[in-house]
Amino acid sequence: MTEQYEETEERKSTYAPFIIGAGLALLFFGLVVFVPLAIGGGAVVAAGLFMLFRDSVEEKFADLKETVGEKWPVDFLSKRKLGVWVFLMSEILIFGSLIVGYIFVRFSSGSWPVATQVHNVTLGMTNTIILLTSSLAIVFALVSIRSGNTRGLKIGLLGTFALGAAFLIIKLGFEWPAYYRNGFTISSGLPGSTYFVLTGLHAAHVAGGLVAVGYLIARTYQGGFTKDNHAAIENIGLYWHFVDIVWMFLFPLFYLI
Amino acid sequence: MPTMKFYLGIWAGLVAATVMEVVTRSIPGAFAAISVIILLISSGKAVTIAMYFQHLRYENKSLALLPIAAVIGIIFLAIAAWMSM
Amino acid sequence: MARQPNALELNSVRRMKAMVFSIREWLTTTHHKQIGILYIATAIFFMAVAGMFGEMIRTQLTVPMNNFLTAFNYEQTVTLHGLLMILWVLTPLGAGIANYIVPLQIGAKDLAFPRMNATSYWTYLFSGIMMVSTVFLPGGGPNTGWTLYAPLNTIQFTSQPGMTLAVLALLLLSLSITMSSINFLTTIVKCRASGVTWRRLPLFTWSIVFTMALALFAFPPLAAGLVLLSSDRFLGTVFFSSTQGGGILWDELFWFFGHPEVYIVVFPALGVIAEVFQTFAKKPLFARNVFIVEFAAVAFLSMGVWMHHMFTTGLNYSLLQTFSFTTLAISVPFEGLVLALVLTLYKSHITLNTPMLYCLAAIFTVTLGGITGVLQAFPVLDYAFNGTYWVVGHFHYVMAGTTLFALLAGLYYWWPMITKRKYNEKFGVIAFLVAFVGFNVLYFPYFFLLAMPRRIFTYTVASGFASANLVATIGAYIFGPAAAVAVLVLVLSLRNPVLKQANPWEAQELEWTQNYRKPPSSPTPPSSTGVNADPPDEKLTGQWYWCMTGSCKQSKPRLNGRKKLAFQSKQGSISGKSLMLEEKGGE
Amino acid sequence: MLQPIPVSASDWNHFFDLAVTIALIALAIVIGAMIFFVVKYRERKDQPKFFPDFSPKKSSARDSFVFALISVIILASLVAASYTLAPNPRFEPSDPKNLVIDVTAFQWAWRFGYPNGVTTLDNVTLPGNTTIMFNVTSADVMHNFYIVQFKVSTEAIPGRYNVFWITTPAATGNEVYTYDIYCKELCGVGHAFMDAVITVVNPAAYEEWLASQMPSNSTASGG
């Protein structure tokens, strides 16, 4: 009877997961053994992600029609949104562990440089405000599309993208080179190590968020979002705000304390 | 869902809190006490973002348990790390 | 009288055959059953590899001053055996069975995110290949033990690229398992069929809920530690090579993952035991609600015991006492779980077949392993046990014994569902008996090697370790082949004729009976709370009833109040009840 | 030669015996019950086919409550009793008159530093009937300093000093007691043979030995 259960169901297949898995393995293998291989691996991963995005744009993998079932205690939540929240939970644990590690090594160390002498508070504050504004922009996009305003959606998403990119440019283009010139580098000791690894991982999350927002923009220009069909904006927005929240802690921990 | 005006207000509050943090830093005083104040402001900002931008406030209450559980796990880790120093 | 397969079933068998030999099908699938099969097959492959490493370890230790392996190769073997067995065999084997069974048990069409599920699988496979391939890199693979303690794991002390690759493989695996846990939790919360409420959730699914919740908590800290470690190895940061807390930092992050990981491995095993006991003791689980509450208690407490792995790192005394206490406290609900399972057998009708035997063996090993573990909760005893073969014996009883036996029981138990074929009962029992004897001959002597440090590649005659090691090696040569035969019995059963019954065990659980209440063809409009709760059909047997025993009474439907017999049986499907009636009629 | 059992080990042995006895009784009860049930309630060939009854029973709720209560009470009291009985793992003496030995682990040997600057390698001579404090650290990777017959151990962690105390057995005559030190933490390829020996002699012989070490080792200082 289980066979019959399958018969009635449309099978969906894609190479993307296989390609992403193989690409990641190739990327890591290349990093260790032979760096050009890693570039190839990165390209393979990008191809796999592109396949996923294309499928999503075509809505090939639109949710299986959900039957009426038991959903307590989160009756009104779509499963994607719940999935995003569970994912954010794991992200909280990663960044939380790293921050605990930072505090641990900082207290274990005998001396630690005064934050304001090493770090550029002005740039840090500017970046904080930029990130807050980008959060506002993606909220604006969501509010717009809820009332069917596609123009507002485009402005909001493009604004988010621009502000996120500005954050990365300020950090990678101005802040970090200045630190390196001052001799505060990733291998100059625990203060440098913690700063560059934590903010670097955060910057990687911002970059990932930019890719996701780029996908939203692409889909917007294809007319993929309507008043009733815009869950992706909300879900990616949740992630974007999370990245924002992480920075709310990294900024004072590194720049002010 | 609240209006854009409301969100603008939240954003203004967050920016003000950020400026306040930086200003707090320049107040002369006990380093530890000021650090605690700054971290409290940051936590307030984080909660505000979660409540309004991530609209946890308007969601099913059970959903808030997920981030809260994660934060509790981290607090476990932090306390133990602190004590094993 | 046995039922003849109908045309549809024959057709699907043919289809299945075509499917099995289509590589494209397997590479592109997103279906939970196929991914489950892939997981199981891959886990068994890695089990063979890691088992070979295990046999090599035992061969090296057979006699004093043996030189079968060099010290470096021995350490590499120990490390890969540990990492592969725990993270690439036992954890994914549970996840693989869950992939197949959980959606059936909750009446979901698939997992919530099928493509993510496939990505989990492929990242798992490739990370495993990466891990095994470290051996072939120049300079060899990781040689730090599976705990990868700092600062031995830094580039100053293990400069071989294989070590770096192993760290990245672990990172990829944490990615895979985190995706799995997101997927399973969302599925179980959101995709249950109508009527599968939390109270009626089958026990194996409950065990997966706790497993995945723990995985969600445990793997991110590991990933954080691995991020720091790989930045140490790639970018020249100094987290773990620093003398300012580096070693303790790794200990904290690793064991915050490491202890829950033990429960991540053991929970699916307990879920399988519960299912098998219910079916073959023909009795609902004793104190079902208490069982679930104790499960939750163990899961919660397991987050707060990790520091008992660090008793000898010079923690302050109050911390020692705290973690000694939580470790003892966790044994209370855990023994409660075991007792509930044992008491299920009281006044039952036990069919002693292969899965049941494996489960009984698993109860024995979990009790012995658990009790020897409780002794280590006392810091004073742990000062001597820590890092010796006593500990090795303890965790092999829990991991190799309980988990492997119970998951094998799960494979035997669900094999007729997965392959539509019955294995050879006689060979199954024989393989079990030999494996069980071999297992005990292998690991019981470890409890007498109280003074032998772990991970030493050889020992002197004067140390007095020789006799116990010789016995253990003999046990290893029995246990390894027997475990291989146990798997082979399953594989060879693929040549058996197709089973005619869909539910050969007459099991009462949902994955066999498929007695979900199907939604009415014209759905009733959802009420104010959005739940469309039809009461269960009174005429159904099995899960529908006995789930509601225990402290909860026959639950009133939360909404409509008046009972509506809206069950619509699916054409051609056979419920467990109708099958039983047919057979009864035949007698 | 029969060696006296050190204080820490005799505490350890007593508590170990107690704990193992309790554990074996618990094991016997659980496994005995399981085997009894399996033998008694197994399905026999001559029996008529059994059809399970999964219908709800009134008594079930009470049963499970009683089960939970009883099992929790018994197990929790066992746990609480053993928790309070367990000896203090540090064996920290009330007497502050210690001989402090600095132990530095490195790949793959032990260096012992005496208060007067004498250092020895893989061999530590101690006076009898004295409380010794070991101050353990590591120069490279993690090791674990385990005195086998004393049943005490501590990790040797770079940048961290872990201490514990032992009390050496009384040695008044010419007897010489030797005890083994193993490394319990994987520390690289030399891990298997990273051991050392404690030699306990009478205090006078110890002073004599220490004096004999002085001239040749005066330049070396303890790590």
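Read from first to last, the chains carry the letters A, B, C and D; within each, the first residue is number 1.
Everything below uses one rule, namely that a residue touches a chain if its C-beta (ideal position, glycine included) is under 8 Å from a C-beta of that chain, and two chains touch if they have at least 3 such contacts.
Just so you know, these numbers come straight off a predicted model, no measurement behind them.
Participant: What shortest step count links chain B and chain D in the network of chain contacts?
Facilitator: 2
Participant: Using CA atom averages as chain centres, what separation in Å is found between chain C and chain D?
Facilitator: Computed value for the inter-centroid distance: 31 Å.
Participant: Could you put a whole-Å number on the gap between the CA centroids of chain A and chain D?
Facilitator: Using C-alpha averages as centres, the distance is 47 Å.
Participant: Report the inter-chain centroid distance for chain A and chain B in whole angstrom, where each centroid is the mean of the CA atoms.
Facilitator: 19
Participant: Counting only residues that touch at least 2 other chains, which ones in chain C make the list?
Facilitator: 217, 221, 242, 244-246, 248-249, 252, 256, 313
Participant: Quick one: which residues in chain B touch 2 or more of the other chains?
Facilitator: Residues 70, 73, 77, 81, 85 of chain B touch two or more partner chains.
Participant: Multi-chain contacts only, two chains or more: what residues does chain A have there?
Facilitator: 74-77, 82, 86, 89-90, 93, 97, 100-101, 104, 107-108
Participant: Could you please write down every pair of chains that are in touch?
Facilitator: A-B, A-C, B-C, C-D
Participant: Could you list, by residue number, the parts of chain C that touch chain A in their complex?
Facilitator: Residues of chain C touching chain A: 8-9, 12-13, 16, 25, 27-31, 33, 104, 107-110, 112-116, 118-119, 121-123, 125-127, 129-130, 133, 137, 161, 164-165, 168-169, 171-172, 175, 178, 181-183, 185-187, 189-198, 216-217, 219-221, 223-225, 227-228, 231, 234-239, 242, 244-246, 248-249, 252-253, 256, 417, 502, 514, 518-519, 523, 526, 529-533, 570, 572-574.
Participant: Using the touch definition from the top, list the residues of chain A that touch chain B in their complex.
Facilitator: Against chain B, chain A makes touches at 73-77, 82, 85-86, 88-90, 92-93, 96-97, 99-101, 103-104, 107-108, 116, 121, 125, 128-129, 132-133, 135-136, 139-140, 143, 146, 237-238, 241-242, 244-245, 248-249, 251-253, 256-257.
Participant: Please name which positions on chain B make contact with chain C in the complex.
Facilitator: Where chain B meets chain C, its residues are 70, 73, 76-77, 80-81, 83-85.
Participant: For the complex, give me every residue of chain C touching chain B.
Facilitator: Touching chain B from chain C are residues 217, 221, 245, 248-249, 252, 256, 303-304, 306-307, 310, 313, 315-316, 318-319.
Participant: Give the list of chain D residues in touch with chain C in this complex.
Facilitator: Listed in rising order, the residues are 11-12, 15-16, 19-20, 23, 26-27, 30-31, 33-34, 37-38, 41-43, 47, 49-52, 54-57, 60-61, 63-65, 67-68, 71-72, 75-76, 79, 82-83, 86-90, 140-142, 144, 146, 148, 151-155, 157-163, 180, 182-192.
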